[in-house]
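These are the structures, in structure tokens.
First chain A sits with chain B, and in the next complex the same chain sits with chain C.
Up next is the complex of A and B:
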């Protein structure tokens, strides 16, 4: 698979289909892979593909300095491709100017990343070409779609992707708040979660605006709560669950739980999963006359 | 604003004086604000615990404002605007309604007391409803007591 990938990349660069390959590099066999940018055919030997290729490379498609290098070919897993789909829907990229090399994925990370345990997109769906042979999906990975007429507990058994959230929600609200107080007290406001997120592409983030100050910028508990609520909610109906924020966090805060909470309500109430269906209407920026309002008096 | 309200809340919640809840109401300019106005001109008395913040539309009521209200010492928040279909800007309240469906679930996951956040549709003709809603919220908040949990978060250094 790796050899096929390198050959394809060499060919793409040689015949000038693309000017740049955005892929994965690695220093030693079991180290985490890092983003690698290749412009010369001879450099393709540096490319790697293995279970350490965790990071979502779509973020780099938005960077002006990367765009300046010419038409890119990007190596994407099925889950990363969801991010590409959302960026396309939000008019952040021109899909025709990007060549997508989709990789069939058996799961990444060591130990396995949580997102891979319930993966239902092992094979990229809209790539220009797919490298690797699709394997038959495991029984528990078969997509079952939204089941809105079922109770919440029944649904959670059908959607193992929310299992971690369901376990967390069994705690009382006081315990949940105590958990976040403990976790968020470690946040140093480095904004790695923002820097790494493919959906966080605002030129000027709300925390950088100082007239008025919406979110306390100092890394106090007050500012950290406001920031993480804001970060999660600005991704409502957009987060594709690539878990890059959680991976990048130097304090090891499980930001995934907040993203899962919003993903779950999006699926339950609006039957929507970001980046899964190109023709589906996004949650935010649209409305329905029949939206739930049992909480409004 | 934050200095004064924080001290006032602490005094009311912890001192000998009975607890008086502090409620921030974010209301839309076209319906609920006029509803509150009507309550006033009709001499319908409602608790003075509510601080009204007038915004153009419920669609303008950013979720950060709700967090901000708790940061400056609110014990409850009311968000209110035009009935569905009555929005001055056609669909602002529909967008807002959808946003709150999502936002409430996020706050639940964080462990913030969502029963302190109230939503209502109050039209310009519903002065009496405004009076009732504010009275109810004040009473339930009085029973729940001050929102000490979030205040502790805001005071931690």
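Up next is the complex of A and C:
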């Protein structure tokens, strides 16, 4: 699979289909792979593809320095591709100007990352080409579709992707608040969560609005709650669950739980999962003249 | 001949310290794969072995991530300022690495240069640093390139060398260290063994020479391509010390506080006019390298780095000082 990937990348550069490959490199076998940018055919030997390829590379499609390098081919997993879909819906990229090399993915991390355990997009769906042989999904990975006529408890048994959230929600509100206080007290506001998030592309983030200050910039419990709640609000109906924020967090805060809560509401109340269906209207960012709320008209 | 102390005696020492109103910092397991230096309230939380190094640094004991400088209150047209007491409570750092302790004498320069930073110096004077010599390293460590090593004494008041049987050889380097361990050790025939450190891979003088003429080099753009502009490197660095001062509070009063800040943020150098002298990530990465391996060296004759490797370990895209310097070094060799 790696050899096929390298050969395809070489060909794409040689025949000038693209000027740039956005892929993965690696220093040592057990280290995480890192984003690698290749412009010369002879450099393709530096590309890797393995279970250490965590990064969601779509983030780089938004960087001016990367855009300046010409038309890119980008190596994407099925989960990353959901981010590409949302970025396209939000008019942040021109899909025609991007060549997508989709990788059939068996999951990342050892042990596998939590998102991989309930993955239902192991094969990219809208790539210009897919590398690798699709394997049969596990029984519990089969997409069953929205089940909005079922009660919450019945639904949860049908959606293993929310299992961690359901377990968490069994705690009392006091226990949950204590949990978040304990977790968020470690946040140092390095903003790695924002930096890696493909959906965090605001020219000026709300925490950087300092005339006047909109969100308390101090890494105190109050300031940290303000930041993470604001971020969650901004990601509602947009987060694709790539879990990059959780992986990037140097304080080990399980931001995935917040994202799962957003995703579950989107799926149960609006039958919507960001980046899963190109024709589906976004929950936030789309409006209708027939909306029952009149303030929106 | 050496002086030794048991792990349990160390915990008792920490307990005594806490009971006398002091603060204790040390390595604590936060998650299955995450050890952080943290204030401890119970000495049993201290995790004294089983890790290469914690993911953060002990600078939090001398430069906390958030600190109140003074309070203010508005009364009509009057402004009332209230100073905050200097932090003079005794502090014990138990279980630092030499690459953490080594940062403190480096930081002393910048906090006692054109301005003597009172809270920093108060904490620094009140802090006793006990390191544990390294028994191993990973492929991000490069302390030997900075003149340190697994049992380097710089910045430590005392050092513990694991004897493998629940006891440590105690090496004392300062009066603070002697006071801390006085009467608490036993004489033994055992002496601790410390393995060699990581290979010395960087020629910093050559890198300094490159930097002397490399400000406009085109390489900074390619080096910074994968940097996403967070502060994970700076906030986990034992030597990074930039901070931001902001007013917090309401209409009639509040406090001036200082919070950590970092040069990789675009807003770090944003002028009120809207002009930003470091508008690209390449300029910001360049600044980080220059500050550590040129500016600080010229000004204080120290590298602003201890080779701990935390920048790379914590970087979501595995960048950091060592990969950048290796890439620079490879090109000019």
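The rule is simple: the second predicted complex is superposed on the first by the 284 of 297 C-alpha atoms of A that agree within 3 Å, B and C clash if a C-alpha of one lies under 4 Å from a C-alpha of the other, contacts with A are read in each partner's own complex, and residues count from 1 in each chain.
Note that in this section contacts are C-beta pairs under 8 Å (C-beta built on N, C-alpha and C of every residue); 3 or more make two chains touch, one makes a residue touch a chain.
Please read all numbers here as calculations on a predicted model, not as lab measurements.
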| item | value |
| --- | --- |
| First (chain B), second (chain C), both or neither touched by A:220 | both |
| Contacts of A:165 with chain B and chain C, given as first, second, both or neither | first |
| Partner chain in contact with A:269 - chain B first, chain C second, else both or neither | first |
| First (chain B), second (chain C), both or neither touched by A:250 | second |
| Contacts of A:177 with chain B and chain C, given as first, second, both or neither | first |
| If touched residues of chain A are counted for chain B and for chain C, the larger one | B |
| On chain A, the residue positions that both chain B and chain C contact, one per complex | 216, 220 |
| List of chain B residues in touch with chain A within their complex | 62-64, 67-68, 71, 84, 91, 94-95, 97-113, 118-121, 133, 149, 153-157 |
| Chain C to chain A touching residues, read off their complex | 30-31, 33-34, 36, 55-56, 65-66, 139, 221-222, 224-226, 228-232, 234-236, 244, 246, 248, 257, 259-260, 262, 265-267, 272, 280-282, 314, 316-319, 323 |
| Touching residues (chain side chain A, partner chain B) in the complex | 165, 168-169, 173-181, 185, 206, 214-216, 220-222, 225-226, 229-230, 232-233, 236-237, 257-258, 260-262, 264-266, 269-270, 283-289, 291-293, 295-297 |
| Parts of chain A lying in touch with chain C, wherever the complex brings them together | 27-28, 31-32, 34-37, 55, 59-60, 63-66, 186, 188-192, 194-196, 208, 210-211, 213, 216-220, 244, 247-248, 250-252 |
